[in-house]
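By written order: A, B, C and D. Residues from 1 in each chain.
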Amino acid sequence: MEEVVIKFIKKPKLRSPVLIEGLPGVGNVGKLAAEHLIDQLKAVKFADIYSKHFPPQVLVNDDGVIRLVNNELYYKKLPKSESDLIFYVGDYQGLTPEGQYMLSSKVLDICEEFKVSRIYTLGGYGMGKMIQDTRVLGAATSNELVEEMKGAGVVFPKGEPGSGIVGASGLLLGLGNLRGLEAVCLMGETSGYFADPKGAQAVLEILTELINVKVDFQDLVDKADQIDAIASKLKDLEETAQAGGGMPTPNPDDLHYIG
Amino acid sequence: MEEVVIKFIKKPKLRSPVLIEGLPGVGNVGKLAAEHLIDQLKAVKFADIYSKHFPPQVLVNDDGVIRLVNNELYYKKLPKSESDLIFYVGDYQGLTPEGQYMLSSKVLDICEEFKVSRIYTLGGYGMGKMIQDTRVLGAATSNELVEEMKGAGVVFPKGEPGSGIVGASGLLLGLGNLRGLEAVCLMGETSGYFADPKGAQAVLEILTELINVKVDFQDLVDKADQIDAIASKLKDLEETAQAGGGMPTPNPDDLHYIG
Amino acid sequence: MEEVVIKFIKKPKLRSPVLIEGLPGVGNVGKLAAEHLIDQLKAVKFADIYSKHFPPQVLVNDDGVIRLVNNELYYKKLPKSESDLIFYVGDYQGLTPEGQYMLSSKVLDICEEFKVSRIYTLGGYGMGKMIQDTRVLGAATSNELVEEMKGAGVVFPKGEPGSGIVGASGLLLGLGNLRGLEAVCLMGETSGYFADPKGAQAVLEILTELINVKVDFQDLVDKADQIDAIASKLKDLEETAQAGGGMPTPNPDDLHYIG
Amino acid sequence: MEEVVIKFIKKPKLRSPVLIEGLPGVGNVGKLAAEHLIDQLKAVKFADIYSKHFPPQVLVNDDGVIRLVNNELYYKKLPKSESDLIFYVGDYQGLTPEGQYMLSSKVLDICEEFKVSRIYTLGGYGMGKMIQDTRVLGAATSNELVEEMKGAGVVFPKGEPGSGIVGASGLLLGLGNLRGLEAVCLMGETSGYFADPKGAQAVLEILTELINVKVDFQDLVDKADQIDAIASKLKDLEETAQAGGGMPTPNPDDLHYIG
């Protein structure tokens, strides 16, 4: 078995496509954002990516049918735009540094094959506290791109993120840059405590302008409301418990089922 | 040394065989079940599988002779049935995700070589509590197989197992499906606290119907009784100890020597 | 860089040599025994083994000159015996299961090249308590070898060692057996708490009979006395401390500098 | 993607250059020293080294532009000296033992390509306590080099460093020696508690004599003063806190931003 196996369902003809990456990460912001866009734009899956760098695991659908954990590529043709779209999403990131490098390299091979004109990677920026007004931070492969992003409302605070960007959202920029690809990372601020649809919405509000598509955000708003409700219930229970009550705390997994 | 080394003792001629996997896992349900079937059907070993993805370890038999930890393949011809049987059992699963993928891939190569018609993987489904009536949960590579299994008494509760199936029992389905092989995972409910012959019996009661063989379960019943006796003794001692007694608790390893 | 690099200083001509392995392990029994034999027999180094499966480390000699951590091969011609000797010793075992398999495989390649007639691997058998009369336990690749070893005073208690033999002392038997090499593991009982020259002596008293050489054990006796003295001092201090004294305990590393 | 990728910006012609390594390590002494020398001598970058053995991470510059974590090679021509200089510095060392071996091997390939005449590796020697007079300890590939270094003020205390030298600073000596390259490790004593510009200065005072260059140390002195100030403030706060005050302790990261 090869390290990374790509199974194409079909090979669409795309005009200088933009690749949008959204894999699991801080607050699942990138994954929530990319999958929302796929849903809204009715993008079509055209490839499955399997790897021994993913967990040795199958997931079981509600009908009892399994599927091997993977990453997936979707496309969406945008006839009114200069660029079509490719989406790169999935269940997991590579489990090891080596796996991360191998997977991002393979995806960049595909970017070159499809003559991708730009890469956007989407992620969360963990603040360790609750967020009111969600900023979208950026990082990019060139000064020109930074300037363009500033014009779109992305902020670039000096010294942030101090620890850099880890995982596919970083590597696609770093390795992409070595191949001469231009790439931007958009990070929505998030507490980092649970899946954060608000962070995803903030990222999408800027990204959709940049790629010139319009989408409805109601699904993300609904998910955010559900999470707020659970978080609020959790807080009440904690206060009750501290006040002497013996009620069990709700399962914190409740906060994760969304996204 | 290659990653996975397969040493054939002989290459039997088999008619569209069914592969049955039972490796160590939750409650050792799969291993207990497959090894019981091998014993009862007097299946014959035809291959040893060695790998650097197993622990660097030899086991010592009671006579002082060693054997390298391995996986093994057995076969049983069933002249009255359409399909003969292959069993895949062993001491360990691969130690790393990569090792898991490499081992399952190699076993699937053998499945293709022997024109395996179906794969059954056997395992336990850990409930984290003592079980009264042991259900057998399933997962499969297609809707048709799910329906067939429902007819055989296998249950497919929506959303279970929530975390998917990890290890060879999952990968043989996931990777097998990519090669067009049909495969089913049968999971016996088990507390997960110790080796569970009852879970193994529940799985076998369904599997033996599916593959149309009859076996005696007395050995598994005896093992279950032994474990119940030890568990009960352990519980008594705990209660005595809590009541003020200072008696030492028995070695919990006692619960593992079976299976 | 290859996984395992063997640098021959020279290639001695040896008559059906016996390979004796003694690498770090429980109580350092195997390493102490093999290195004592090398010293006493004035065996000569003929190869260095380097590997990326060892720690990325150099050791510094007392004169300030470094050497890369390695394994080493020594030989000793025994004109009066049918078989010459090869010793396999070193600073470390492979750090990972994969590294263990690769290193033992390479050493077995050398065994085949030199037409090794038998392998003895030396180790400790940790008892978790202080030992009075040190038994030497065995494991071997065949019943005939087991019987021969029983005649030499090696014991083979049923069910011991229950967890098998881990590391090079086990793999050289397991992988060697697959190549048709006969091999024996000799394990000296040891507390496992510190380096144990007594365990090494017990192993050597049997091994030297088997390979028909005579050696002086005074160095090992002296080392054992030193360790006893430190252990005794440590015990006194502990008792003093428990009796209310505030004296610092000696550095437990003192117990390791030997061996 | 290859294990280690070297991207040459240019290939300078150098006369029997000396390679100076300073990667992150104990007290960051080696990295601080080598980077100070690069700054002072205005050395020029000529190669980037990328590897899947580094973290899957990009760093973000103050202007928002990313760069993939890497190692770098710089050169400085010294027309008045017999030997030009190559510097080997970077963000990280290899994450695994295997990665360490692969990276050092690749750098030694470059040493051979450029006909490097000597290697100096720079590091810290952690004392676990505050240091007044910083000694520079050494280790080398030959007795002749040890003697030469003693003449330059380097000390070689018997039995130190007892645990050897781990990482690139050790491997370049150990693997270099196998290729016939002469190499020295210079280790500045350091508490090991934080980045230590004083340790770096001590190492450089000896190294600059050896390679016959003159540099100003004011930057390192300033950095040391800053760290002393922070350490002193930290100590005051601790004492205040112990005296009953409830003041928050300063972020210990403050001590790391330098270097």
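Keep this in mind: contacts are C-beta pairs under 8 Å (C-beta built on N, C-alpha and C of every residue); 3 or more make two chains touch, one makes a residue touch a chain.
Computed from a predicted structure; not experimentally measured.
Engineer: Count the residue numbers both chain B and chain C use at their shared interface, divide by all numbers used there, and answer same if that is over half, different if under half.
Structural biologist: Mostly different residues: under half of the interface numbers shared.
Engineer: Please work out the Cα centroid separation of chain A and chain D, and write it as a whole number of Å.
Structural biologist: Computed value for the inter-centroid distance: 37 Å.
Engineer: For chain B, which residues are shared contacts with two or more other chains?
Structural biologist: Correct list: empty.
Engineer: Pairs of chains that touch, anyone?
Structural biologist: A-B, A-D, B-C, C-D
Engineer: Of all residues in chain A, which touch chain B in the complex?
Structural biologist: Contacts found on chain A: 1, 7, 50, 52-60, 62-69, 95.
Engineer: In the complex of these two chains, what residues of chain D are touching chain C?
Structural biologist: 94, 97-98, 100-102, 104-105, 138-143, 146, 149, 156, 158-161, 164-168, 170-171, 173-175, 177-178, 185
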